[in-house]
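What follows is a set of structures for review.
In the two assemblies presented below, chain A is common to both, partnered first by chain B and then by chain C.
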Partner chain A sequence: MKIVVAYKWAPNPQDADVRPDGTVDLSRAKAAVSEYDPVAFELARRLADATAGEVIGLSVGAASIDTPLARKAALSRGLDRLVLVADDALADADGTRLAAVLAAAVRAIGDVDVVLAGDSSIDVAAGQVPLTLAGELGWLGLASVSRVEAADGGLVVERDLPGGTTVLAVAGPVVLAATADAVVPKVAGMKDILAAAKKPTEVLALDGLDVPAPGATLTTLSTAKPGGGDRQATVIDGADPAAAAAQLVGALRQAGAL
Partner chain B sequence: MSAEEPDFDVIVVGAGPAGAVTAYLLARQGHSVVLIERGEAPGAKNLSGGVLYGRVLDEVFPGFADTAPVERRITRHVTTFLTADSSVSIDYAGKPLAEPVNAVTVLRAKFDPWLAERAEEAGVFLMPGVRVDELLTEPGPDGVRQVVGVKAGDDELRARVVVAADGVNSYLARSIGLRPKPPEHHLAVGVKAVVHLPRQVIEDRFAVSGDEGAAHAIVGDCTLGIGGGGFLYTNAESLSLGVVLRLDDLIKKGRTAIEVFEHYTSHPVLAPYLRDGEILEYGSHLVAEGGLEMVGEVVSGGFVVVGEAAGLTINSGLTVRGMDLAIGSAVAAAKGVGEALAAGDTTATGLAAYRRHLDESFVMADLRTYGRAPAFLERDRMYGAYGELAAGIFHDVFSLDGTPRKHLAAVARGALKRSRVSVRDLISDGWAGVRAL
Partner chain C sequence: MDFGLTDEQQLLLESLDELLERECPESYIADLDLHHKPPTTFRKAMHEAGFGSLGFPEEYGGTPVDAVTLVLLATRVARQGFNNGYGLELLQAMDIIEFGNEEQKAEVLGLLANGEVPFALGFTEPGAGSDNSAMTTTAVHHDGMVTFNGTKTLITNALQSKYLLLMAKNPGVEDPRKAISMYLVPMDAPGVTTNQLDKILWHISDSCEIFLDDVTLPESCLVGVKGNGFKQLMRNFEMERLVIASQCLGLAECAFEDAAEYAAQRVQFGKPIGQFQLIQQKLTDMAIKIENMRNFVFKTAWMLDQGVPLKSQGALCKRYCAMAAFEVADEAMQIFGGVGVTVGTRVSRLWRDIRGHRFGGGTDEIMVHIAGRQIVKDHS
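On to the complex of A and B.
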C-alpha cells in the first residue's frame, strides 16, 4: 500500500505568546511538525508495516519548511521518504490553495492509495485542508478517524463522531483525517534521527505542478479571542500539596465533574 | 574500547555555546561529531543575561559581530549602587569599547541556533529534541571504567569521546561521580525577563545610538539585601533584565527569587527604564558561582566536561561571565580531544591534554584572577550598607541645606560614621575587593 502523510511545518505552540487582550501571537514561535500530525505519521507507519507498504511524507509551504532540521524532524517519524513543495509563493497561502498544491503533489507522486493527515493544524486549526484535498483529488474524504486497518485490499476505518463510533469498509483511494488521540505517536529516538538523515527527500518545483489558479482572495479583517464561556476561574493555593489536592477534588465534585 | 564500532568519533551533549563550539571545532578537524540537545531547537531552553564578552568568539569566527545575530555592541557600562530611595552610578562610556568588539548583547533564542548552524555547516550531525538520560561505561584499555557512549530512551549511541556540555549542575558529570553536587553557596539563582520596547525609546532612555548599547549593573537595595545583583542590558528592540541571587543567602533570608525580582523591577530607579515595556519572555535558571573553587575534575576516561558544566563562570559582582568562558573551554577541549583522537588514546591520560590547554588559556587565568571574588561577594555589607554609604556621601555633597560645605573627605567620614559600616569593615572589604576583583 502506498501511503502519503500530509503534514504541516507550523509554529510550536510552546513558544506562543498570549497578548494582554487574550489573542495568541505565534510570530516568534519556532516551527515544528504541527502538534496533531504525528498521530497521522504513526497510523501510516502501522498501516504500511501491516501491508508491506511505503510511507511518504508530504508538506507544502514557504521555503522555510525545507531545512535540515525540518527534514529530519519529519523523516525521523517513521517515513520512508519525503516530498516537499517549498516556495515562498506559498508563504501566506490559505487552506484551499495549500490543499490544491497538496493534491497536485499527490498526483505527481502517483499510485497513492491513502492520504493520512492530522485533524487540523495547530496554527490555523480550521480543519478544512484534508477534506478540501479529497475534493481536489476527487477522492472520498473522511474526518474524525480514530482507527484504520488494512482488510482485503481495502481499509476498515473507524470514525469517532459526536453521535457515536462508526466502522466503515472503504475500497478505493481515500483521504483520512485522524483525531488527535487516535494513537499515541512514538517519540523519535536517536537511531530514528540518524536513520532520517539517510532517507531521500525530493523537492518538487511549484511551477512544475499542475495547480489551478486561486479563484478567490482572502484577507483577515480582525481577530478576537474565543469567548471565555462560564469558567469559574477558581485558584487553589498549592503551598500545601495535600490540602490543595483535597480542595481540588472538592471543587470538582461541587461542579459535578466527579 | 569495546568490540562494537563507535557510531561517531565524538558525542557532544548540550547545544549551548560550549557544546556548539566544541562540536564545530572538532568537525573542522575532520572528526565525525553528533551534537545532542534536549530542546526542540538549540536555544529553546536557554536563558542568559545576554552580555557576551566577544574576544574569544572572534577568534573562532573572525568578524562574528557582523554576521551573527548580535543585538548591540556595548559602549556604555553603568554601575549603580542603590538604596531604597536613591542611587549612585558610575557611568563609563567609551567608543574604544566597540573596536575591536569587546562585549555584545545576544538573545540566546537566536544566538544558539546560529552557533548550531555553523556546526551543522562544518559537518556536525545536529540532533535536537533528544534528552540524554545516562552515560554508557565499560572497562577501558587501562582497566579503568571508561565512558563509551550515551543512552536516551531505548537507544544507545557510541563514541570514542563524550563531551558533557550540559550546563550548570552537570547531571552527566555527576552521574559517574566525576563532579560532586555543588554546595548551595556555589550556586545562584537567576531570574530574567526580556521586555520589548521600540528601538528609538531604548536609544533615548539609555543614551546610545545605532548599534551601540548599554549594560547596567546594579547592587544594593535592588536585591533586598540578598547577596547578588541586578542587570539591565539593551538589545536591539528589547531589554534583558534580571537579578542573580546567591542561593544560600536567599534561603537564609527566607525570600523567594520572584519576590526579589518584582521588588527590583518596580524600584523607582529601574521603573523609568521599563515604562510601557511589554514582557516577551520570563524565566529562571541556576548559575554556577563558585569561581576557581568550583572547577575541579573535568576529564575522565572517554569523557570531558566543558562550559558551565565544568563550573566555569565568573561573578565579579558587577558582571556575570559564563558564555565567553564556555567558548574558551570549548577551544581548549577541541584541541585536547583532537590530540587524544589523533594519538589513539582517549583514556583519562590521553584526554588530560584538554586540562593542560584549559590551564594555559585565558579561562583559568581569569578564574585565578577573580579566584577570591566569590568569598568577597559573600560579605553581607556588599548588598546593603555600601549603597547607603555611597548615597550618604553624595547626599551630603549635593544637598545644599545651608550648612557650610565640607571637603569631600570630611563628608565621606561623616557619612561613614552614620552608616552601618565600620572603618575596619571598609578597610577589610576594600583590601579583599582589590585582591578579588
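On to the complex of A and C.
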C-alpha cells in the first residue's frame, strides 16, 4: 500500500507575539511538524507495516519548509521518504491553493492509495485542507478518522462523529484526516533521528507540477482576537466538596447562569 | 566557538520534551515524591523511546552518544523538577555491559527495558564513606563459590533493585586497591537483609543498610576481573561527576524559573515582589550561577568528547554545580517566602533533592581533596 502523509511545517503559536492591535507576529516562532500531524504519521506507519507498504511524507509551502532540520524532523517520524514542494510563491498561500498543490504532488508521486493528514494545523486550524485535497483529486475524503486498518485490499475506517462512531469499508483511493487523539504517536528516538539523515528527499519544482490556476483568491480584510468573555476567575476551595458545590451553585446563580 | 545545537540534538530534545510532557508532568513527580514511589512508568517510556539505552553499544540495542548530548538530555530531564538520575543509570549499566559476562548482561538489559532499576551500587559502609578503601566487607572465594560478609549503608534504590553491585574485599590481599572486586548479588540471596533508612530527600529512591551474613553464591557472580573492582568502578567516574553536575544544573534551572515566575506575580506592598531590588538581586545572582554551571557542564562534556584529559575538571565541575545549585534553590525558596517550605510547592522538593547531590558521587569536600591535590601537583 502506498501511503502519503500530508503534513505542515508550521510555526508554533506558543512563540507568537500578539501585537497591541491584535495581529499576530509569527516571525520569531520556531517551526516544527504541526502539532496534530504526528498522529497521521503514526497511523500511516502502522498501516504500512501491516501491509508491507510505503509511507511518503509530503509537505508544500514556502522555501523555508525545506531545511536539513525540517527534513530530519519529518523523516524521523516513521517515513520511508519525503517529497517537498518548497517555493516562496506559496508563502502566503491559502488552504485551497495548498490543497491544489498537494493534489498535484500526489498525482506526481503516482499510484497513491491513501493520503493521511492531521486534524488541523496548529497555526491556521481551519481544518479544510484534507477535504479540499480530496476534492481536487476527485477522491473520497473523510475527516474525524479515529482508526484505520487494512482489510481485503481496501480499508476499514472508523470515524468519531458527534452522533457516535461509524465504521466504514472503503475501497479505492481516499484522503483521511485523523482526529487529534486517534493514536498516541511514538516519539522519535536517537536511532530514528540518525536514520532520518540517510533517507531520501525529493524536491518537486512548483512550476513543474500540474496545478490548475485558482478560481478565486482570498483577501483578508481584518483579523481580531477571539472574544475571551468577561472572566470572573472565582476560585472555590474544594476541600469540603459539599460546601464547594453549594458555593458553585451560589456563584452561578449570582452570575445569572442558573 | 559554537554554542548552538546540532539538528540531531535539537530533534532529540524535542522528542524528550514530548515524552516529558506526556509521561512526566509535575503531578506525576509530586505524587511519586509524596508516596515515595519509583518512576517505573517513566523509565519504561524512556526506554521504549530509546533514551534508556543511549550510549550502549549497538549490539546491545543502544545508540552511541557523545557526552554533550547526554548532558543536554540529563539537564532537560532534571529541569522538569525531576531528580531521577537519568544518565547515572546508563553509566551503571555500562559497567555491566563492559565488564559483565553474557548472562549478567542479558539480565541487566532485560530489567532496564522493563523500566526497572537492575541494581543498586554498594560501596559505602558505616566505617568507610569518603575513604572507601577502608571497606571491610569480605569476599572469600572457595571451591567455585564466594562468601560475603559485611554491612553496606546509604545504598540508593536497594529495595527496588533485583541486584546489588557489591564492592567487597579479598581479605588475603593487603593493598586495598587490588583487594576489591565487583560482584552482582541478587537482593533475595539467602543471608541478605536490609534496613530501610528514612531520609528527608530523594523520596523516589529508597535508601538502605544492607547486611550480608555468609551470603554464598557461585563464583560466576563476579563482574569483570578479580581484584579490578575499584578500577572498573572508577572507569566511568568522570562521566558520573559530569552527569550529577548536569542534574544539579537542571534542578537549579527549574527552581530559578519557578522563583522568577513567582516574583513576577506575588504582590506585597502594592507591587509584584519582583519589582524590589533585593529580589532582583537574588534573581540576578541566581541567573549568573546558572550560566556558570551551564558553561562548566558543557565545557567539561566537550572536553570529554574531544579526548582532552580532564584532570581535576570533573571534580571542580561537580563541586561547583552541587553547591551553586543548592544556593540557587535556597534563594528560590526565600523568594517564595513561607509557602516555599510547604509540601505542595515544587521549590521545597527541589531544595531537598539538590541537597543530596552535595554528598552523592563524592562530597563537596572530597572534590576539593581530589582537585586541590591535582592543582598543587601541577604547580610543584
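Keep this in mind: the second predicted complex is superposed on the first by the 218 of 258 C-alpha atoms of A that agree within 3 Å, B and C clash if a C-alpha of one lies under 4 Å from a C-alpha of the other, contacts with A are read in each partner's own complex, and residues count from 1 in each chain.
In this text, contacts are C-beta pairs under 8 Å (C-beta built on N, C-alpha and C of every residue); 3 or more make two chains touch, one makes a residue touch a chain.
Computed from a predicted model, the values in this text were never measured in an experiment.
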| item | value |
| --- | --- |
| Clash-or-fit label for the pair chain B, chain C on chain A | clash |
| First (chain B), second (chain C), both or neither touched by A:Asp17 | first |
| Partner chain(s) touched by A:Val187 [first = chain B, second = chain C, both, neither] | both |
| Which superposed partner A:Gly250 touches (first chain B, second chain C, both, neither) | neither |
| First, second, both or neither for A:Ala73, with chain B first and chain C second | both |
| Touching partner for A:Ala32 - first (chain B), second (chain C), both, neither | both |
| Shared contact residues on chain A - chain B and chain C | 32, 68-69, 73, 187-194, 197 |
| Touch list for chain C against partner chain A, complex | 7-8, 10-12, 14-16, 18-19, 22, 49-51, 54, 63, 65 |
| Touching residues on chain B, where the partner in the complex is chain A | 7, 34, 36, 40-41, 44, 120, 125-130, 152-157, 278, 280 |
| Residues of chain A touching chain C in the complex | 32, 68-69, 72-73, 76, 184, 186-194, 196-197 |
| Residues of chain A touching chain B in the complex | 12, 14-15, 17, 20, 28, 30, 32, 68-69, 73, 187-194, 197 |
